[in-house]
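Letters A, B, C and D mark the chains as written, and numbering starts fresh at 1 in each.
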Amino acid sequence: MLAHANLVIFQALCYDARALSGETMSPSSPPSIHDLSARVIENRDLGASHFLLTLQAEPVAAAACPGQFAMLRFAGRMDPLLPRPMSISDVLPADGSHPVLLQILHKVVGRGTQLLAALKPGERLQVLGPLGKPFSVPSPVAPGSQALMVAGGIGVAIFPFLVPMLQRAGLKPVLLFGARSSRELVRKDWFARQGVEVRTATEDGSEGAKGFVTTLLQEALGSSPEVAIVYACGPQAMLKAVGEMLIASGVSAQLSLESYMGCGIGACLGCVVKVRRDSGFAYARICVEGPTFPASEVLW
Amino acid sequence: MKAAPRLEVQLGPLKLKNPIITASGTFGYGTEFLPFVDLSRLGGICVKGLSLSPRKGNAPPRTFETPAGMINAIGLANVGVEEFVRSKLPALRPYGTAIIANVFGETVEEYAEVARIASTGEGLAALEINISCPNTERGGMVFGCDPDGTRRVVSAVRKVTSLPLIVKLTPNVTDIVSIARVAVDAGADILSLVNTFLGIAVDVSRRRLVLANGVGGVSGPAIKPQALYLVHRVCRELQVPVIGMGGIMNVSDALEFMLVGARAIQIGTANFIDPASSVKILDGLLQALDHLGIEDVNEMVGALKTDGPSQDFST
Amino acid sequence: MKAAPRLEVQLGPLKLKNPIITASGTFGYGTEFLPFVDLSRLGGICVKGLSLSPRKGNAPPRTFETPAGMINAIGLANVGVEEFVRSKLPALRPYGTAIIANVFGETVEEYAEVARIASTGEGLAALEINISCPNTERGGMVFGCDPDGTRRVVSAVRKVTSLPLIVKLTPNVTDIVSIARVAVDAGADILSLVNTFLGIAVDVSRRRLVLANGVGGVSGPAIKPQALYLVHRVCRELQVPVIGMGGIMNVSDALEFMLVGARAIQIGTANFIDPASSVKILDGLLQALDHLGIEDVNEMVGALKTDGPSQDFST
Amino acid sequence: MLAHANLVIFQALCYDARALSGETMSPSSPPSIHDLSARVIENRDLGASHFLLTLQAEPVAAAACPGQFAMLRFAGRMDPLLPRPMSISDVLPADGSHPVLLQILHKVVGRGTQLLAALKPGERLQVLGPLGKPFSVPSPVAPGSQALMVAGGIGVAIFPFLVPMLQRAGLKPVLLFGARSSRELVRKDWFARQGVEVRTATEDGSEGAKGFVTTLLQEALGSSPEVAIVYACGPQAMLKAVGEMLIASGVSAQLSLESYMGCGIGACLGCVVKVRRDSGFAYARICVEGPTFPASEVLW
């Protein structure tokens, strides 16, 4: 198993922590969960069925940490029935006209995301969050060492919120971003503007390396400078491949997993993944024990 | 100022401060809901089904959405009855809410043993036995699908406990009344119904069943008309107190079950949609009774009017 | 240019030009849909259930919406089998589509007599017997809810007709496979399932059951997971050709039923939502097969993959 | 039974007939039914939960006759599942910017009407129609004789389309309009502007006579000038009372009935009402044999 000793987990007030200048990042009691009716501020069409939804959901945004998610639902609807889990893609600092805002980056794949895509400014959406175990950031780190963010497709959604945390911890964030084609490399320029080095791969070769993001990862792990930690989010097949590469390489890695979810709060036991426990295995709930797991824990 | 409507209900030996109970398997061991629900307000909490040994449950996927419902095959994952008595029950005791242990086994002896151990738990209000469990000794036939299996389980459990005994019926039978009657004859104080309806989901693109277990149980609004029918039938045919459930999402649904005869109701899948559903329905019930000028919730129980057009139950 | 996928299916003695049939009671006598559907494109048309004498049906209200579904208690209103043969069947004959007469009775003799008269209708492709009808001679017990009732009805009908015989099963039973087996042993060529699930609706403000008949049958998307489960079970256990139905709204639903083993499917409630549903699903099927590169729809029948994770049907 | 001899039924091209100047109103073959995706042009909030929805649904509008209805649905939704029947309240003549438009006047009572109320211009709604048997207009009529339109609450929705037909037939239209309170007397002024005499009754006495619309009807039947025909639409209890008064008075009357509907096209047999047939009774389908029925036919 991965040693957790050198990882500091931001379990509380990550948004506030981000606003602080110092390095006062110590674990504390779990953040409170809020269930509120959020107003849509903006729902930007990024093309290729991707949308960036900005919500006024201050208590959720203020309590959120990178890697956490929220359950989104349309109040009063009986079909689709279940809330949809979505990563908290970013929180925007308060300005004069708005308090802290919450951002969700999503891709239309079915009925729930179709409804999300149709939301217009002023409309409302029920938001339950923040939920799940955040990413953890290693500390201290060797000067100049890298943190790789490996994104497959819409998996990129989870990373914007993580970037400033990594930077504050003294890590150099690098985004390895794979997608089917150039059009699906959404928010790439945003990362670049934050000073993140972005390397891309597309299956159709329309941009960056032709092939899968795992090729980029292989290269990055092979070359200097030192990679302190790897974060990955994307389709299960990709996560499995990434996880195996990282266990082989010995670099510590955190995977963000997905699953159908009933409740999002640990009650239905629906969202499990097989994980290594003691000598055998256990089913861990992705919504509570995850969605972030050390790569070495997950038994596919 | 008017007094608030009275909500206390009596189900045979079991008294509840109000008729709202959270359903087994949908409310964890209760404490998962502390951020959303003041547990002390609930009429009762049914915990996740307990077995003799801890169970890991089925491989994922375990749940899937269906039209106005969901399907699950959790596989009765649970911490085991001993761990429940040791750590989960004490955490719930302070809230002063009726804690109901939902128990099951794969043999008659296992049912009895789980029930016996659960009954040692201090402060437990009642046992609910889930008879929708396959009998491993008899080729996997579900106990609650035949009168004999039901009789044997209920009698065995009745012998080992003096707690109020709730028998939870499966809806997947031709004639639920005959099973209900056997359960009562064998010692059930209270019946609860319905458990989930059998169903599957198919993934066309992968050409596979979605759930790793293949078959699962359907719950949520989709099953409400069927659940209401079964509760109504049992309430018409038997005198035993009944706890109704199946797709209750709001106070109107809850009142529908009470009108057809349920003295209390359980909230299941709704807890997943909005974790505060149980208390919201409780608040809604208070408001509704107040609005209707009803002083005691028991006035609603079985208050369906049956004069007028025929209500033939044969078709 | 690629040839269009082949859609012809063979169900025992019954050949259909494609697997899309409109379900009994949801497509009138066919001609109601002339403004919306080119009837000649359909694989088959099941007409409204026919009885010996014309029936007025139940008092209203007869239908009500439920979550993702509806409930109905029409009371089997119909023009009677003789009028069907005289005026309705000839009107349908020109379309060259398999016309299936859905028949029922309140006694075994009535079933046989209706079937006999229907069989005299020129150009009829098959009989579908609806065994979800209460036996007035035996206290209203539904024929299709017990093996004996099923056997007696099916054998009696089998004796009087040489047409392909479809037996339509009720889902409201503990073990549909045992009923299915009896139906096949008694002479069914084909099984169709499912008929509606029993349900009720309650009007809280009036404190009454909504339907004048009290109980009704639930149909529509809400029942799809349950219907799929039952079709899958019957297809796994028996070799007989099966027509699947229950909540089919689109081509994906239709393919789900075919993957679990149905050789044809029926479209019911969807005809009410969009009267052109049947042909839209047919068009969708052609497109889907074309897209998947499948040349013959029969390749989809029973093509569910069952390797990999266990698919235990006991829980 | 009411004699139908002196009633001419406009079964075809009522909208076009309305545009004609002459009296060429002869029965013809039944109009065709259309199922189309209609664009919302306007959805005007009239207060007290009433909305006037204007749709671009030309073929339906062009084929519609007064008294007919349409089935409205939200494509792709599985809950609420069934389409909602709504009277065709009016059709608006084509102008430079729009072809013929369809108007629906509805009141929010449940989930379907809530969805209708939330529609915004540019959004789409599926419309199946025109459906059902239209109102019929007597011909010839005694000069100066009246046609009473008796509306209970939202039942008023069915009448705007009827007004010009009555006027062209040489009848003087009078609207007897009852509602709970003044705020629910929607579109009253519109009728007045068309030259319709409007008499009102409210249950709370906030406008017009205090009480039920039946009081207004009793008065109208008792006084001259001659009432040639009465049309009524509203809650069942009102229709029953109106029907009984009219049978007693001998004035010919048509009631527009409502029911839960499955299909709207005669296929499900769900929407029946008991009617007099030969020596006994039959169940007639409101969607096909109705929604308009001679008062004398209906057996409550």
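Note that in this section a contact is a pair of C-beta atoms (placed from the backbone, for glycine too) under 8 Å apart; a residue touches a chain by one contact, two chains touch by 3 or more.
Just so we're clear, the structure is a prediction, and the values are computed from it rather than from any experiment.
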If a chain touches chain B and chain D alike, it appears here: A, C
Whole-Å separation of chain centres (CA-atom averages), chain B against chain C: 33
Approximate Å spacing (C-alpha centroids) for the pair chain C, chain D: 37
Between chain C and chain A, distance of the C-alpha-averaged centres to the nearest whole Å: 48
Multi-chain contact sites of chain B, meaning residues that touch two or more partners: 59, 67-69, 220-221
Junction residues of chain A - those touching two or more other chains: 78-79
Contact graph of the chains (line, ring, star, complete, other): complete
Chain C-touching residues of chain A, taken from the complex the two chains share: 78-79
Touching residues on chain A, where the partner in the complex is chain B: 32-33, 35, 73, 78-83, 126, 128, 259-274, 281-283
Sites on chain C touched by chain A in the complex: 67-68, 221
Chain B-facing residues of chain C, complex: 59, 66-69, 71, 73, 75, 133-134, 140, 142, 145-146, 172-175, 197-202, 204, 206-209, 212-216, 218, 220-226, 228-229, 232, 247, 252, 255-256, 259-260, 303-305, 308-315
In the complex with chain A, residue positions of chain B that touch it: 25-28, 32-33, 35-36, 48, 56-57, 59-65, 67-70, 72, 74, 77, 220-221, 249, 269, 271-276
